[in-house]
Amino acid sequence: MAQDDGYRARIRSSFERQGLMRTIGASLEHISPGVVEIAMRPNRAISQQHGFTHAGAVSAIADSAAGYAALSLMPHGTGVLTTEFKINFVAPATGDRIVARGRVVKAGRTLTVAQTEVFAESGGEEKLIALLVATIMTVAGRAEVND
Amino acid sequence: MAQDDGYRARIRSSFERQGLMRTIGASLEHISPGVVEIAMRPNRAISQQHGFTHAGAVSAIADSAAGYAALSLMPHGTGVLTTEFKINFVAPATGDRIVARGRVVKAGRTLTVAQTEVFAESGGEEKLIALLVATIMTVAGRAEVND
Amino acid sequence: MAQDDGYRARIRSSFERQGLMRTIGASLEHISPGVVEIAMRPNRAISQQHGFTHAGAVSAIADSAAGYAALSLMPHGTGVLTTEFKINFVAPATGDRIVARGRVVKAGRTLTVAQTEVFAESGGEEKLIALLVATIMTVAGRAEVND
Amino acid sequence: MAQDDGYRARIRSSFERQGLMRTIGASLEHISPGVVEIAMRPNRAISQQHGFTHAGAVSAIADSAAGYAALSLMPHGTGVLTTEFKINFVAPATGDRIVARGRVVKAGRTLTVAQTEVFAESGGEEKLIALLVATIMTVAGRAEVND
């Protein structure tokens, strides 16, 4: 694994610059090598027409969790770019809190494949609501922070 | 085609109830049978860490455009639910305006496949930035409006 | 879980009627509730241009493993149909044997989501080469066998 | 566009070395810049359990059509590798002939996105049966032929 000790700081700094994460009320909950967790609370501002959380908001935190999971294993001075993802929605996005847990499936020099499971928490119980698989590209000349 | 004359009103009403669309500043630009267009303007509130528009915001309008394109062909009293989508990002989401054009590829009774092309407009020119393919489920008991 | 005791026999019978599985030399290696394993041996007849196993052959066994994993949890008298899948190829398909392990992620009445990990075995070691996620539809009126 | 005059010969030569294409009876029907067509005839050897053509066989020709469409725009001395694809099946794969038409959506230096529409021909009529979107990687050191 190529991550240096500063990967947590770099991920936190990058996350803070993602305007969308602030806009939808998402927070960075966990970072470890190859694993990143992002959460948000369902509310009117991120809803779809039936009152559930919008698939786009779920996708946004699931994509960011996958991207940062990939970044956690990359060398200093590199950045990440999502080239594509696919997401299946298996249950309505409701509950008290929505948690996206991204983990690296296969880290590569150019491309990394990561997968995010998204859970809805309700009354202390967790339920799988979505599954995302993403291909993330290492971007050599675009560091996530001025490092 | 099963759409009734009221499909435009039903789509507009449903769109207005999508809190996320308002939150990210998206607007419904065009509705015709099997085709729906949604746009937004890049800004800090929907950005990712490099200053481009976040993949999650692009996905959100692309998904909604696909879903409403599907809804435009459905009978009165039914609703739509995205079961899954896949999106490829082929160029950075920058420019003055981002436009998602959804169209139905195959309308089915239970499942409809729709595709959205997302373009970035800049100085009067359009550039393809993303391609989404979605499977949308007809939800019989959950109308988009009280109709 | 809705599977009856006869699900193994029904899956074996269905597999035997898949002409493509015989053509590419695939065999059914394991069946348990929600989990199915299919394997094949790399050879010239299923190769791509660089001598590796063709992505199409890898996809075929991965798709069948996902579909039968779904079928293993379905009631007697129903069949399965893949409505869509996505597959990421993370390493070349080489080695002595290729094994696709499908498992159900979420079983639903109409739609089931299943995931297949594909491994290449070489000298007693396993390496992940592909990851498939599929949406499988329950087909009520089309049993897998005359049951 | 970077293709040289020899791209047709290179694609034909590469296709002939794909053992799987011969095994499933596929033929290369058309090559032009950014567009490639591959066809096959439904038969017992490529069937699934209900008698239709197996999703894996449909995926195989759709993937190859996308890959060769990408290769048609690449410089001499490079090869292609599918990194991922997603395919939606929108109608049963039946009929007299199945034709996969791949075309490049966005050609890039490292990654190319291509899309394949698959049609079933029956009694002189064509019907869309599947839609594939693939990400294809340029492989610099692995030419498709000894060129």
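Lettered A, B, C and D in written order, each chain numbered from 1.
Following the convention adopted for this analysis, contacts are C-beta pairs under 8 Å (C-beta built on N, C-alpha and C of every residue); 3 or more make two chains touch, one makes a residue touch a chain.
What you are looking at is a predicted structure, and each value in this text was computed from that prediction instead of being measured.
A.B. asks: Looking at C-D and A-D, which pair shares more C-beta contacts?
C.D. replies: Pair with the higher count of C-beta contacts: C-D.
A.B. asks: By mean C-alpha position, what chain is farthest away from subunit D?
C.D. replies: Relative to subunit D, the chain whose C-alpha centre sits farthest away is A.
A.B. asks: Roughly how far is subunit A from subunit C, centre to centre by C-alpha average, rounded to an integer in Å?
C.D. replies: 29
A.B. asks: Please report how many Å separate the Cα centroid of subunit A from that of subunit D, as a whole number.
C.D. replies: Result: the chain centres lie 33 Å from each other.
A.B. asks: If you average the CA atoms of subunit C and of subunit D, how far apart do the two points sit, in angstrom?
C.D. replies: 22
A.B. asks: Do you know which subunit C residues sit against two or more other chains?
C.D. replies: 83-84, 86, 88, 113, 135
A.B. asks: For the complex, give me every residue of subunit A touching subunit C.
C.D. replies: Per the stated touch rule, the residues are 86, 88, 90-91, 105-106, 108, 113, 115, 128, 131, 133, 135.
A.B. asks: Please name which positions on subunit B make contact with subunit C in the complex.
C.D. replies: Against subunit C, the touching part of subunit B is residues 83-84, 86, 110-111, 113, 135, 137.
A.B. asks: Where on subunit D is subunit C touching in the complex?
C.D. replies: Checking each residue of subunit D against subunit C gives 14-15, 17-24, 43-50, 54-57, 59-61, 63-64, 79, 81-89, 142, 144.
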